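First chain written, first letter: the chains are A, B, C and D, and each begins at residue 1.
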Amino acid sequence: MGEVILTMSGIDKSFPGVHALDHVDFELRRGEVHALMGENGAGKSTLMKVLTGIYSKDSGTITFEGKEVEYHNTHDAQEAGIVIVHQELNMVGDLTVAQNIFIGREFRKGFMIDDRRMIEESKKLFDELHINIDPRAKMSDLTVGKQQMCEIAKAISHKAKVIIFDEPSAALTEKEIDDLFAIIRDLRSQNLGIIYISHRMDEIKVITDRVTVMRDGTYVGTLITDECTKEDIINMMVGRVIYEEPKTHSMVPADAPVVLKVDHLNAGKMVQDVSFELRKGEILGFSGLMGAGRTETARALFGADPKQSGDIYINGEKVTINSPEDAVKHGIGYLSEDRKRYGIAVQKTITENSTLATLKEYMAGLFINKSTERAVTLQYIKELDTKTPGPDQLVVNLSGGNQQKVVIAKWLVRNCDILIFDEPTRGIDVGAKNEIYKLMNRLAAEGKSIIMISSEMTEILRMSDRIIVMCEGKKTGEIPIEEATQEAIMDKATRDIR
Amino acid sequence: MTKKKTIFSQEVIVAIVLVALYLIFRTISSDFGKYTTFLSMMDISYYYVLMAIGVAFPLITGGVDLSIGTGMICYALAGGFLIRNYNVPTGLAILVSILFGAAIGLCNGVLISILGLPPFLATLCNCMITRGLGSVVTGSFAVPWPTAKQDNGWFHSIFKITTANKTKIPLGLVWIILLMLLMQFILAHTRFGRYTIAIGSNKEAAMLSGINVRFYHVMVYVVSGLFAGLASIAYAAVIKTVQPGTGAGMELDAIGGAIVGGVSASGGYGTIYGTVIGAYVIIFLKQGLPYIGFNANMQQIITGLVLIGAVCIDIIKRKVIK
Amino acid sequence: MKKKALAILMGAVLAASTVIPAFAAENLSDTTEGTAQFEGLAANEAYDFQIVVKSFQSTYWQAALKGMDQAAEELGVTYSAQGPASESDIADQVNMLNSAINGAPAGVGLAACDTSSVLESLQAAVDAGVPIVAFDTGIADAPDGSIVCTVVTDNTAAGEVAAVNLYEAVKDQIGDGPVRIGEINQDNYALNIQQRGLGFINKLIELAAADGYTVAMEGNEFYVNEAVGAVEGDADIILEVRVPAQTTVDLCSTEAGTILDKEDTIAVFGSNQTAAEGLLVANDNREVLGDTVVGVGFDAGTSIKAAVEDGTFLGAVTQSPLMMGYYCIYALTAAANGQELIDVPTDGYWYNAENMTDESIAPNLYD
Amino acid sequence: MEKIKNNPIVKKLGFNRIILFLILLLMYGAFSVIIPGFASMARIMSILNYVYFLGFLALGVTFVIATGGIDFSIGPVMFCCALMSGYSLNTFGVPVVVALLMSIVIGMLFGCFNGYLVAFVGVPPFIVSMATMNIAKGLGSVFTKTQSVSWPQSNDPSGNGWFRNLVKVDGIPVGLIIFGIAIVILFIVMNNTRAGRYILCLGSNKEAVRLSGVNVRKWQMLAYVICGTMAGIAAIFFVSAYTTVQPGLGDTYNNEAIASCVMGGTSMGGGLASIGGTVIGVFVISLLQEGIMAMRMTKEVQMIITGLIVIVFVYADVSARRRRN
């Protein structure tokens, strides 16, 4: 480990409704891999976005190579030598791999972009990384994993002094992860500073030198990896927040009837011959890596995407579900992973969103009965403890957790018996997360059946009565909670990946 | 995989349609095959094609430019007005017309990229404004440009020259092809073109890649305006007398041409050669249907249906590939 | 300085127009009676008139305004002119007319885009006591007392003049197998274009019949159906009438092109400025006009004038927009003075390379 | 300033709309001062003639814009309706009532055509509009054999002129009553029925509404059908005021209808629509038109001013929303 290259101190940042960063400190040395850990919503990504100029900080100082700096956009940061490999993919789908890697700093011959040289350089990069991607391929034709590798290659191709990896491994296979680690070690030996954000405890132990833990937008502490245990880190991450008790055994009575049966469901490449059963009062966890086909399964089941074959039985009866309309008619509700895109109409009020699925019931003849509509909205605001000045508030003004509650309210108003929660706590701060967990448990206890798709292992282990693991569009395992361990799940989640 | 795509790409289909249209018209009407008919068709095509090339850029960014039709007339009026009323040399007037176009394009770009107005609305407003400006500048009067035989009418020979043995050569077609190649080159091989596609495909990602998206987004509309300016010269050379209050609707033929030629209506994809071919399909329909005895008005209905058809083919094709 | 020269010229024109026969070929209308009523006219007060024209699109209207300027200066009255963006914007014109009437001017000069849509407004003018002078286009069903004077060129006669001159030039070619004569009309709904188009068609049929030839109609249904005396099937002359989808020069040129491309075409008539310009655009490439095909235009404007001058067009018919504008203001002034008026038919002129510099013609040939 | 903006009543009505309304009043005042005799009944009647048909067009297109779509074929569609029904009236002698209904039905059919292509086939609204515009113009021309169509005068001997009483009886603007009723109905449809709710919500986030189990295609199509129907009704008011329609035209009215809609606060992005705002916008444009003419300037000046007003209002809207996010 060399001298300190980057110091962030007292960084403060607020968004409407969320105090995202509360005087956070962070330090990075040359030649170290520094893990940044914390639950979703702890503020890691926000901190990195402040560093790279995507967000401007409210207060605090950033010192890079001994000088106080403030970047106004990613370009400035890149110029200075700080690059980020984003968690969300930031690729221009219509351009080729090479074009994407060198976007914004194309090689040129006069006015002309030197595509040939860009292709050659990309090849060189990929060779270094030992990955096999055709630089001439169109980006949108690649798999998610390959796109992620391109993103990494792009970051490395900058003559960077500091590289930030924001959960790079989420979509990678074991082999790819090994390659990635080889690259990271190589970079470390070149005396670069590396910030590594991840949830995977094992990786942290393997690759990092120090660990900084954040919680609820605050700095908790920094440890030297070799000198601490997993438990130390977890304790720091979880802190005082009391979670719902993790489940050790299924809460579903043995004689609970099957409410939903999915038989040999096929829908495109991502859903291949998936079968499972869901019982009354059960929380069925769906685990797997990014792009394993879980969301696609849920969407096909819900009729949101077309399916090729497969039967669906509800309470023993075969039903036809070709559209969300059919699904809702049969009492299925779906909370999308991407709330803003699929869940809520953000420019509309809480009331309008809450009754979206049930508007028919609030009609007085031709007209909407606004008072009963309002009454039921108020009821669920109270019941779900949604924090809002009133039912006429626009959803855009609510925090992530409260927006999620509005979506849940929509399905509760509908009185759905089967609920699909797709990444229910993504982008929600810790406190609200816990409330959502409580709520899910309560709903299950009331006899609702829940399918929960989650990429967070802890969430899966904490909430599920039973776990289904998917990999590359296939169901690769079904584990009762009693037998479930991270290792067992991980093994099945990567089973098909070579 | 990639090869398959090229065979069925919209550009190829449209090129086949263009040739087929030509052959059909030729077979039915012997007059259509005449060289003079071809010349006339070329004359009329220049300004539509120039507008189409220009508007392809905003379309590829996922935007649109509705101000090019009335704009073109406005620029032609301004240039002609200078020649007629102030004896400005033709070259200078042409320059003014083109720069006027670029200026209105800049105005569109600033409204859209810097101030954040929806492209449709910003350019719609400029459509109204240019239509008005053209009339205000000239006091609502029609403006004749110099004829080919007048001393300051040399600019006609930009588009058409007569050889010693009286054969006419549609020189404009050469310019169109050169401009098409140039703009295709710019789209495919320069930063400006690359970023045009990037803005249309994923503006956020382009921004995060450190591209000065605002600047390039403005420039896209400047190019569109610039080409409307060029089109105004072609218009003046062919039609000669420019009438204020006209031009509305011409942009739709140009945009339609680009869309038919495979430019994605939602942005991110498009080629200039496709645009030019598509524009010629529209022009062939416009100019060719009267030759085969169609009621002139049927031509409008058919153009409308062709437009929907082209987009439907694209939609169906995408579904099949999926 | 320029103005003075114009004034002198105008005086000469006015003097001339009362003596010289209106049309070179045939004297179709008599203007003397109409213009005589304005002799010695002086405005009782400095009236302000409102003029509503069809549009400012074609230079035709510029010439009309020039005539108005002249008359206004002579009489010491003022006027202001308005017009919609194009001759098709009927609603805009009705609004303008209403607005003009509501402004209670001393009188309104109106060149109506559409004759039936202004009727209600004309009634309003009667009620408000605003005298209306119709110029360029007569209004047949106008409410009693609304139109105090009509200053128009007889469009049917103008079309007939074109037919007479065109027929004269081509009649030697008729007889050995069918020949084709084309007519481009920019539309088939505006009254003046209809009259002009049909005037041309019917006169041509009449002339042909006198020489023992038959005429068959082809093309636009309206004109085909309205033509009088045409035959079905084989004929000595095929008269093809084409109308574009929209009234633009480029579409007119396409229609003209289809006619010029036919081998048996011997003559074409473009019945207004747009149609004639379209004809010229089509001819740019074919260069058959003035060579194997006789071209006849209508109105003036830079390119049509040039075409007549260099023999591309045999000639053209011009209405006298200048006169029309001039007499419009005179009629308005006389009406405002309380004078009873009779209609003023203004002249249409046949002009060709020889006579276009004549002082009776030249002022009417606007650029 | 902020205080006023946050006042609940102001918030409910919309700050920009209040400003627009004040501009309307100010304009009327200014015109009345500058132009002698502007504040006359005759002027108001003349303004209303324009308000009626533009109003129906704008109200219709408000629904489409609320879904996040666009329809700029409405002007030519209105003309096509008036041409086809008027031609049937004059040439085939169908009764006036039938002709009027025919106009509305043709508009509705155009709306169905547009709506089907947008909602069910997935053709971008922009392209559908472009195509329909051509088709409407062509159809109007082909049907009438490119003849202009003049509807009967009020004193037409055939007695067919009675439909003009829909607009004006003895100088009393009864058209205002029909227009008012239409505003109220459409306001209720937009704000108090399922159709309006779904149209607004799907304009805000179509996928979310679809995943709520709503048949979004149906409702999306409905917006276009409403728009087309309104164009059919607009046609009736157009001919009542201006008698004659010509084939191949109508484009200019699209821009004015969309402009009045947008300056009234309906967002081009969809999801936000204001019937009241649209109506104010229509009055602003119509008043501007009359005022500009009364000042003896040409229509073009009105276009420039309209364009500028729209830019200012949309910018105010866009920047306000940007500040909020």
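Here, a residue touches a chain if its C-beta (ideal position, glycine included) is under 8 Å from a C-beta of that chain, and two chains touch if they have at least 3 such contacts.
Every value quoted in this text rests on a predicted model; they were computed, and no experiment measured them.
Participant: Listed by label, which chains are in contact with chain A and with chain C?
Facilitator: B, D
Participant: Which chain's centre, taken as the mean of its Cα atoms, is farthest from the centre of chain D?
Facilitator: Looking at centroid distances, A is the chain farthest away.
Participant: Averaging over Cα atoms per chain, report the distance between chain B and chain C in Å.
Facilitator: From the centre of chain B to the centre of chain C is 35 Å.
Participant: In whole angstrom, how far does the Cα centroid of chain A sit from the Cα centroid of chain D?
Facilitator: Distance between chain centres: 45 Å.
Participant: Would you give the residues of chain C that are in contact with at least 2 other chains, written as numbers and ranges?
Facilitator: Within chain C, residues 56, 83-85, 243, 245 contact more than one other chain.
Participant: Could you check chain D for residues that touch two or more other chains and list them?
Facilitator: 137-138, 141, 146, 247-248, 252, 298, 300
Participant: Multi-chain contacts in chain B: which residues touch at least two other chains?
Facilitator: 131, 135, 140, 244-245, 296-297, 299-300
Participant: Can you name every pair of chains that touch?
Facilitator: Per the contact definition above, the touching pairs are A-B, A-D, B-C, B-D, C-D.
Participant: For the complex, which residues does chain B have touching chain A?
Facilitator: Result: residues 1-2, 185, 189-191, 194, 197-198, 200-202, 204-212, 268-269, 322 of chain B touch chain A.
Participant: In their shared complex, at which residues does chain D touch chain B?
Facilitator: Against chain B, the touching part of chain D is residues 70, 117, 121-124, 126-128, 130-135, 137-139, 141-142, 146, 247-248, 251-252, 255, 258-259, 262, 268-269, 298, 300-304, 306-308, 310-311, 314-315, 318-319, 322.
Participant: Can you tell me which positions in chain D touch chain A when the two form their complex?
Facilitator: So the residues of chain D touching chain A come out as 188, 192-194, 197-198, 200-202, 204-205, 207-215, 271-272, 324-325.
Participant: Help me check something: in the complex, which residues belonging to chain C touch chain D?
Facilitator: 50, 56, 80, 82-85, 88-92, 94-96, 98-104, 114, 116-117, 119-120, 124, 128, 187-190, 220-222, 243, 245-247
Participant: Residues of chain A touching chain B in their complex?
Facilitator: These residues of chain A touch chain B: 54, 73-76, 78-79, 86, 90-95, 99, 103-106, 108, 111-113, 115, 138, 141, 268.
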